[in-house]
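Chains here go by letter, A, B, C and D, matching the order in which they are written, and residues are numbered from 1 within each.
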Amino acid sequence: MAEEAWGRWGRDDERGALNYIGVPEVLHATRLVKEGKVMSLAQPLSPETPVPGHRGPMQHFMQRDGGDYAAGGKRPGGFQFAEDVVVMALQFGTHIDALCHAWHDDKLYNGFSSNGTRSTTRATRCGIEKMGPIVGRGVLLNVLGDSGGALAKGTPVTQARLEAASAQAGVTIQRGDIVLVRTGWIETMLHDPHYYDGEPGIDVEAGRWLADAGVAVIGSDNFAVEHIPFPQGSVFPVHQLVIRGYGIALLEGLVLHELAATGVAEFLFVAAPLPFVGGTGSPLVPLAIL
Amino acid sequence: MAEEAWGRWGRDDERGALNYIGVPEVLHATRLVKEGKVMSLAQPLSPETPVPGHRGPMQHFMQRDGGDYAAGGKRPGGFQFAEDVVVMALQFGTHIDALCHAWHDDKLYNGFSSNGTRSTTRATRCGIEKMGPIVGRGVLLNVLGDSGGALAKGTPVTQARLEAASAQAGVTIQRGDIVLVRTGWIETMLHDPHYYDGEPGIDVEAGRWLADAGVAVIGSDNFAVEHIPFPQGSVFPVHQLVIRGYGIALLEGLVLHELAATGVAEFLFVAAPLPFVGGTGSPLVPLAIL
Amino acid sequence: MAEEAWGRWGRDDERGALNYIGVPEVLHATRLVKEGKVMSLAQPLSPETPVPGHRGPMQHFMQRDGGDYAAGGKRPGGFQFAEDVVVMALQFGTHIDALCHAWHDDKLYNGFSSNGTRSTTRATRCGIEKMGPIVGRGVLLNVLGDSGGALAKGTPVTQARLEAASAQAGVTIQRGDIVLVRTGWIETMLHDPHYYDGEPGIDVEAGRWLADAGVAVIGSDNFAVEHIPFPQGSVFPVHQLVIRGYGIALLEGLVLHELAATGVAEFLFVAAPLPFVGGTGSPLVPLAIL
Amino acid sequence: MAEEAWGRWGRDDERGALNYIGVPEVLHATRLVKEGKVMSLAQPLSPETPVPGHRGPMQHFMQRDGGDYAAGGKRPGGFQFAEDVVVMALQFGTHIDALCHAWHDDKLYNGFSSNGTRSTTRATRCGIEKMGPIVGRGVLLNVLGDSGGALAKGTPVTQARLEAASAQAGVTIQRGDIVLVRTGWIETMLHDPHYYDGEPGIDVEAGRWLADAGVAVIGSDNFAVEHIPFPQGSVFPVHQLVIRGYGIALLEGLVLHELAATGVAEFLFVAAPLPFVGGTGSPLVPLAIL
């Protein structure tokens, strides 16, 4: 049973490892800004954004647009406007998983019953609206292959590899860090039909190592943070361990190559999930401020 | 014709007044952080979030949830998860209007034809994905009534009132600022059935004054920034002037009372619209980092 | 326990009382056509169609339209077209409830477990796709008040009243009939804000009487067939008895006044629910062919 | 210019060739019922139902289900129920095209401007709600290949082939008929990834021949009635001619092999599009009553 962090922040806690970020961590992180450069780590969102096979693509509809006026629509007082609607999964594009997203044995992080997540109520515990904004030190760990190219599908990113990347970057993982692991998967595979067939990503040991170091969030430039195929006999073991056991949210679908190209390894990281009440995640735009 | 800022950042520019924010403005803003306190200025998002009469409410559906497992759903490898989908207008809850959202005479900001915004293409110019993240100095202008209560419906917030609020806060509006005007409307009316019937807000003169000062974004704790009813004979005149003429995005539906309670008037402001390709706006979570 | 018709058509049956309609009933019904007149009993469907408070209204979006072409859209080979998308509850407008729509004690009609109806699977038993088309003898029972006006909210339509209406119409309810009960509710209240606050409709005794007579479907010109408020201590008792116990589908939201004006009491009835796999109901267009 | 039937039923007519069906045609059709057999010609509708590449698949969400109760949901008065919502294109599965669906030169059937079809208004002319139910004589024309197998992609079904099929069936096409052309495409290709790459179907000459014979509706067991690829230099020429010129609605996605297996060539045909106000088409369940 992975219940490592249950009760650590009280029996009613629904924010998990984000509690590691307090005033000192925020202040420290804002002090990292040297260049005044703001970088988005998010993918654009459109009906062409890839989705796994069991989800429908985003749909995006205009409710009023320039075509209305071209076809003779009224413009009271001269005013014209356009508006639109999307149909969209919350685990879409660059997004973060809420702590209610993954679990086992019918218990979420901190022991909440998964029976609280239903069609009628949505998530009554650990919904994305409980997460709050994420502002802290971001750390980029570059774990590309020896030749500098993307890791191959299924490659486990181990603790040793993370330690090596950390050493190479000259940073030590600290409590409250937002750790971003760059595998190269998105930059090479996002528009490939096999994008969702598997991916390189951290393994259970690496996940536990990050979790024990007290990281607040783990992110990666792939669709599920962990390597797929999974180790024999397990299904999303990193999700099970890290989200449920440690209360650590996963940040998926990051675009990291431009950030990597700057050579900067630590930065002010800011991201804010949309507070969908009872939602299991949210698309968001993580920012690295250098 | 209000074409004040057309061409100011080149004929192909689609970001408008956000161009006022450069490296010095970002660095200056990050230096404002003293307390290490992060505040969300966003409303929660749910099917209960108010919408104007011509739009449908948000819908939020579970695609997989705890109920599935309670009813006997398979859990391969022990893994359980939940996921969900929303149907949502992009001008929803706390959101920002893209520069393609409002115009007149068939021309958007910078002279782009509104014919580029259609059912099939969505906005080909000035869509929300062109805006990029917003990181700069936030300034809160408190324009509550003399008694400290919310302004009444229809009350115009004039230049004089903004100047007084600015003086009282001890800040001078500067180029690149994100100016947030607190009228008290949301904190008193959000759950009132008459919320959308009208609102206090800035008038055209005040909008022009802010625009001429070079602000990057104007926000308010109401649904449309400007006062409604409009002055006789005009329809959304501030939208027309500020968005189309000056290329200034409007930030609507802000929750400002907790920020106001801190007494802090300037702060690091961070917000990042979701980059919907061709979208007319985006819900977002503006942050004040104090 | 109301399990009256369980097993009557085999343990795997998912069609219930529609099994009463066989070749003789279809042939008899087609022979009723005398005038060659076709009448729709359905409401128009639009975002303005009333919905109960816990459901969102229908949304209807154009994906391509005349505005696109007016704004300069390409027309290869001269061809122009329009297409659209709806977001719609299946219990919407004039619709029929599938046998999986209502139950108690975790068992559907014929004893199927309600655990088969889940977010991931939708209804695995008694979904609307199992119902098939409905072609048989339609009978109109007019139960308006003594003065010929609509029944008041909450009025129970009793067995006695149905018998009187039947006698007045000169028809005897027979096995396989589709019985349509006209209360006047829709024609007077559909566009009233109190439309969903209650309704006149059949009571449990009347429902049982129709069921024991072997009717295939019960329909009415209200939103839930049965009278609301319910009798003290019960919630949708007619739904529970008739759908679950007898396997009789309910047809709701009918428009009956034009049919009533013809004075014809029996006719060829044709309706075909859309075969949504695992759906709980379907909007449809019931036809009376006279 | 194809304006063959414009004005034939008055300048305001929006029903086109359906006007050919009057009392005698309905009476004649109902007299064709001999066996009391009812056959659905519709596909089941689900997220797996194929859609062309430019449309999203249907999405189908439960709003309340058995999983809710299994997870502890309240059941006041013992009552339990399930309900659901779909997101669905109106040109989906087995469906009929409204007369506003296809046109050229900015004019719909009967000369109505296509400017009336916009994001805000949907179709103000020739929307699907204007069509009404379709009840008349159905005629099945079997145009399979010589070996009895499905026609190959792109095969034009000519007038000669229709005449031969008609002769073989022993029926003469008459005014007001609903003509269903069986090519074998759906029964062999529906679940093939190349289903939408092309199809056999009627050519322009055959379409004109049917139209001049006064048919009310043309249907087929493919996705667009006409053969694809189109003749050199034309795009959907049958749609342009038949829908716009003659006011004949097209019925697409029919399932015809079971009907064909009966050997019955003429039958009572009943179908009723859902009356979406301003819609461009509707899924429906066409019935052959033998």
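One rule holds in what follows: a residue touches a chain if its C-beta (ideal position, glycine included) is under 8 Å from a C-beta of that chain, and two chains touch if they have at least 3 such contacts.
Every value quoted in this text rests on a predicted model; they were computed, and no experiment measured them.
Excluding subunit B leaves the other chains joined by touching in one piece.
Across the two interfaces under comparison, A-C and A-D, the one joined by more C-beta contacts turns out to be A-D. Taking the mean of the C-alpha atoms as each chain's centre, subunit A and subunit B sit 24 Å apart. Look at where the CA atoms of subunit A average out and do the same for subunit D: the two points lie 45 Å apart.
Under the contact definition stated at the top, the residues of subunit D that touch 2 or more other chains are 56, 59, 61-63, 65-68, 70-73, 85, 87, 114-119. Here subunit B touches subunit D in the complex through residues 59, 61-63, 65-68, 70-73, 85, 87, 119, going by the rule given at the top. By the touch criterion given at the top, residues 22-27, 30, 33, 35-38, 40, 42-46, 48, 55-56, 60-63, 65-67, 69-70, 75-91, 100-106, 113-119, 122-123, 129, 132-133, 135, 230, 233-237, 239-240, 268, 270-281, 283-285, 287, 289 of subunit C touch subunit D in their complex.
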